[in-house]
Structures are given as C-alpha cells and as structure tokens.
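Note that subunit A is present in both complexes that follow, paired respectively with subunit B and with subunit C.
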Partner chain A sequence: MTERKTGTISVDLSIPVQADLVVLARLAAATLASRAGFGVEDIEDLRLAVEELCLSLVGSREHGRLHLSYECEGDAIEVACWYEDDHAVDSARLVRADDLSLRILDALVDEHGRGLRDGRAGAWLRKRRSDRVV
Partner chain B sequence: MDQTFTIDDEEIDGIPVVSASGEIDVATAPPLRDRLQALSSSGKPTVVVNLLGVTFLDSTALGVLVGALKRCRETGGDLPLVIDEPRILRVFEITGLTGVFSIFGSVKAAVQSVRCT
Partner chain C sequence: MLTDDAPRQGEETKALFFELAASRDPAVRDRLVTAHLGLAHQLARRYLNRGEPYEDLVQVASLAIVKSVDRFDPDRGIEFTTFATRTVIGELKRHFRDKGWAVRAPRRVQELYLELGRATETLSQQLGRSPTVSELAASTGATEEAVLEALEAGQGYRTSSIDATGRNEETIGSHIGGEDASLGTIEDRELLAPALAALAPREQLILQLRFAHGLTQSEIAARVGISQMHVSRLLAASLKRLRSSVAEAGSTQSGGQAQPAQPERQSTRPSGREGRAASSSRAARERDGEVGGAAAR
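Showing the complex of A and B:
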C-alpha cells in the first residue's frame, strides 16, 4: 500500500486466476473503502462490483494472473484490473463478459469500462462515496 | 459475519428444501449447482432454495440458480427462492431476475406456495 499524498491511497494486488482467491480482490476493496469512510452499503456494492470486474476478465480461464490496482482519492475509489498470461496472445484476448456481470456493474458503480491496455485485457471501475446513511 | 459456505438439505411436507449459507461466489457456486442438478436428476421437479443465510452472492451464483430454474421448469416444476436480506434481494432486482423467480420471505411461505400449485 502506498500513501502518495494526503488523502490518496494506492494499493496493488496480484493474484493467480483461481476461484478461491478472488475473495482477496474484494477484501482489498472493502478494506480500502472502509478506510476511506464509505458506508456499509457502499462497501458491499464495491465488493460485489470488484468481484464482477474480475469475473468479466477471467471467463472460463484457469491460468494466468489478475493484477489489480486500487486508488482512493477524495470521495472516490478507482479499481483497474488486467489479465496476464505467459502467452501474450491470451493476455490480449478480451473474453466476452457475462451479461449479468455487466448489469451488476452498471447498477453499482458510477463508471466502468474494459478494453486492451499495453497489450493486455483490462477492465476498470470508479465508485464515488454516496450520501446513503446506514 | 459468518462467511463459511454451507449447503443443507431437508424435506418439508415432501418438498425438497436446499438451504445455503455464507458467501456464494465463483468458488462456492459449483457445489450448489451440483446439489441442485442431483435433485433434478433424481426426479424432483420443484426445489425450494433457502438463501436466508446467504451474505454475498455474485453473477456466478445467479447463473447457477437460473440454470436450475430452467431445468425445473422443463420438467413442470419450479425453483422458489427464500430471501429476506435486502442486499441479496437487490442483486436480483438490478439484474431483472425478480420477475423471473418466485421469491418468498420465509421457507414456510415458499413451501405453502408449492403445495397450492
């Protein structure tokens, strides 16, 4: 974790593509959001959104790694995720995202997108802290 | 918050009830899928799925439930769900699945609805 300047926190995480390890991606998101003062409902939304972000890149893959970058600044958290495999061709292949994943992301975050970055398949989301009181 | 995933089976008034608890995600959805497939294969057209103890549910879990619902309906049955946690219900709402599943607030209500059909 890096605190670049007051109010900005940056966290990087790299996990193998393995079903029982995706929980680490949402745990990091929840921890960061809690530290940033997000409410319980916002944290739960972010946990689910990060899960779907990862799933939208993994598809049926059972190898490779997911790299996640979390950045919290002000009232927003941005999470970028990209897939990397030993085979460059597979790293650059953007699998078709599940329709349910996209609907969940549409509903839970302020912005999200996906595409290729530096030859690797990636996806990102941005969620602002809401005024919901829980 | 108990995040341990468990699946329990019972029969109430002859209706199979599968109760899941904990977090249903990409890692834990497969055992639920297998359990529902096994019930379907054993000739149970309708299965009540009790999600009262579920604390997290992702699109993989939704996919498992949609697949099980399809199998049930193909054999003239149904897959009523039991949900009382607003956060879990919200996942069904935002994906448009509240109009697809029959959703009840208690196991008793779900079983009664099956017995009345």
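Showing the complex of A and C:
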C-alpha cells in the first residue's frame, strides 16, 4: 500500500460560476484524495461527484459564486458546496436536486445531502477510500 | 406528478425482474431494457461536450442498460435504477478512458495519459486493486502533480456550457419504471420500428445482437462470419440510417416539438431520497449545524 499522509486537512475554495472553472473544484478534491491514498478509480468517482454537486446547485446559471470546503480526515473526504448570488435566487428550489443528480451521487459516493445555510443553497458529499478489488 | 407514480413504477419493475428470473422470457427482458433506455439517454446527456458524439454515448449507455438488466438481482434490495446508474456511469467512464480525448491537452500530457492507462492496467493486476496516484507516479517516473493533471485532462470533462446538463429536458421519472410511464421510450420505439424494418436483415441482426443481446463486436463478427472491423462499419452505418430516419419521422410526427418540460416534482419527494445518513465527523457536525437542520438526509 502506498504511503498516506495523515492528519486532518481543511481547504476552502471560492470560484465564480463558470463552467471552465469547475476544474478547480475537481482538482482540489482529486489532490486531497490522492494525498489520502485513494485509488485512481475512487478519484475518478470523486471528480465526477464534485462536478455533479456543483452543477446540481447552479444549473444553467452563469453568475454568482460557489464556495467549497474540503475536509480530508483518515480514509474519507468530505466536500461541501454553497451557492451565493447577488441576484434574486429561489434557494429552496435550488436545494431540491433532480432525480438524476441524486442517482449519480448515490452511485459515486458514500453519503450526500443538501440543505440551506443562511438562506443559501448547499450540498455536500462524503467519500471513503474503498481499496476495492479490481 | 411523476414522483407520485415512482413507488408504483418501482414495484412494477421489481415484479418484472422476478418474472424474468423465473421465466428468462426474452420478451420480459426486452420490456425491461426498453423501459429504461430513457435513463441511458439521460446519463449520456450528462457527458456531452467531452468530445464524443452524443449518439456514441447513448450507444454505450444503452448497452450498459442491457448489461444491468442481465445482472440485476431483485433480491438484493436496491432499486434497479440505482444499480443501472452505477453500471452506466462505469461504462461511460471506461469509454472515455479508452477513446475520449476532448480537451486540447499538450502532447506531453496526452502521452503521459496513455502511459498511465497502461500502468493502471498493469498495477491493477499486480495489486488486485486500483493503483494510487503515487504508485502511478512511481511507475511512470512522473510527479504526482503531473499524474493528476494528465488524469484530469484525459477525462475530457465538459468545458463549454453548464447548459449542456440539460436542466430543462425530460425527467428521469418520465422514462424509468414502467412502460406506461416511459412516454419518450414508447415514442422512440414507435419511431424506430419502421426505420429498423427498412434495414437489411443482416444489419437488423447485428443491431439486435449488439444492443438486445449485449454481444461485443468481436462476438458478433464470429457469429455472423465477418471481421470485427466490418461489424463496426455496419453498425455505424445502420445507426446513422436509424438516426436519420428517426429524426425525419420525429420532426414529421411532433412538428418539431421538444419533450415535455420538466415538472416541479421534487417537492413531493420523500425526505429520505435527498441523501444518505450524515456522518459524525467535525465537518458533518459543522455542516449539520450550519444548515440549521434543513439538510436533507
């Protein structure tokens, strides 16, 4: 088994809602997961899940910001994502993910959920290292 | 409201799987596959703008639905759509890993990505699990950062508009579950029937072997007595003709109208569908506190 860097790591990231910047959200997750010794298969799943998490909140919007917080502890990584926008936004509606997003996240991560914080829509996920047999 | 029908559709699907397990009736199998092709379209749409034609993605996803139907065990206690989603995503990921190259990456990154593919295969066999980034870095002589960069670029993630996720397209609930709920699928089938009938018998057979029976191109080649490359060409040509016929028939029948708009269906979703149980970590406690108990589980 490869060397794993131990200890809790927290990372915060804030990005404008632009499709080509979601790469930053994915890369941060992949880097932390790599650091925690996740296999590439798990990292691929995590990347897809983080993208789904972001897009499930912002939909087709192209304004506002996504605030992401990552916490990597032991064999698990958690990612929380919040959408902030100066425009009038029905956050309660944004919190309700479509069925497909939920199913995709079901397939890719161990736990996930959604909610409101200070009136802003948010979503989170948690993925554990699987060490799955291939 | 489609969500109101979801439990009933789930029960119908489950009943069909039990019937399939008992009878192995190809008609039941076909019915299950057809009823869930909408899920294939939905998931394929999620992977648009990564350099692969939508039709190819639908083909990969549809085949994964066939595999899912064949492998699903209704006694395991999970919903078929959950099982099928995992299978389809896995197949789409594999497809991109094998063929996709959407992002204009520098040559060194492309070369490293190809090398990583070979190293991943070798290491997976050696280790009996998926290798880590550091193991791949050690194996290829690249830095971990370069490995992560290549893996990211190689996945060909969508880089254009978030609109491509199809937020206003048909809902998953409009396709999955029972046939009676899968209006789009029925329409697809009605449009497909005459187009299929217009194909040569051998082309029909190849399409059936590929999509209804899930055979690989090589397996079809062996059965039909032609080369795999020839099968590939026939499949491509047949699908092109089908697409063209369906597009013409669809525009004629619907007058060019799109699928029904997405309804406001999630307000009736049971709370348990919004996610899984929360963990007890610090982040989870913060998260739960911050969302003021509104976080759906």
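Here, the second predicted complex is superposed on the first by the 116 of 134 C-alpha atoms of A that agree within 3 Å, B and C clash if a C-alpha of one lies under 4 Å from a C-alpha of the other, contacts with A are read in each partner's own complex, and residues count from 1 in each chain.
Methods note: contacts are C-beta pairs under 8 Å (C-beta built on N, C-alpha and C of every residue); 3 or more make two chains touch, one makes a residue touch a chain.
What you are looking at is a predicted structure, and each value in this text was computed from that prediction instead of being measured.
Undergrad: Could you tell me if A:R47 is touching subunit B, subunit C, both of them or neither one (first, second, both, neither)?
TA: A:R47 sits against subunit B and subunit C alike.
Undergrad: After the superposition on A, what does A:A107 contact: first (subunit B), second (subunit C), both or neither?
TA: Both partners, subunit B and subunit C.
Undergrad: For A:A19 in the superposed arrangement: first (subunit B), second (subunit C), both or neither?
TA: The answer is both, since A:A19 touches subunit B and subunit C.
Undergrad: For A:R96 in the superposed arrangement: first (subunit B), second (subunit C), both or neither?
TA: The second partner, subunit C, only.
Undergrad: Under the stated touch criterion, name the partner, subunit B or subunit C, that contacts more residues in subunit A.
TA: On the superposition, C touches more of the residues of subunit A.
Undergrad: Quick check for you: in the superposed arrangement, does A:A80 touch first (subunit B), second (subunit C), both or neither?
TA: It touches subunit C, and subunit B stays clear.
Undergrad: Go through the superposed model and pick first if A:R117 touches only subunit B, second if only subunit C, both, or neither.
TA: second
Undergrad: Tell me the contact category for A:G7 with respect to subunit B and subunit C: first, second, both or neither.
TA: Neither subunit B nor subunit C is touched by A:G7.
Undergrad: Can you list the residues of subunit A that meet both subunit B and subunit C?
TA: Shared contact residues on subunit A (touching subunit B in one complex, subunit C in the other): 19-20, 22-23, 41, 44, 47-48, 51-52, 55, 58, 98, 100, 103-104, 106-108.
Undergrad: In their complex, what parts of subunit A are in touch with subunit B?
TA: 19-20, 22-23, 41, 44, 47-48, 51-52, 55, 58, 98, 100-101, 103-104, 106-108
Undergrad: Along subunit B, where are the residues that touch subunit A in the complex?
TA: Per the stated touch rule, the residues are 23, 25-27, 56, 58-60, 62-63, 87, 91, 94-96.
Undergrad: What residues of subunit A sit close enough to touch subunit C in their complex?
TA: 2-3, 8, 10, 17, 19-20, 22-23, 26-27, 30-31, 34, 37-44, 47-48, 51-52, 55, 58-62, 69, 71, 73, 76, 78, 80, 95-100, 102-108, 110-117, 122, 124, 126, 131-134
Undergrad: Help me check something: in the complex, which residues belonging to subunit C touch subunit A?
TA: 42-43, 46, 81-82, 85-86, 89, 93, 120, 124, 128-136, 144, 147-148, 151-152, 155, 157-163, 165, 167, 171-173, 262, 265-267, 269, 273-279, 281-284, 287, 290-292, 294-297
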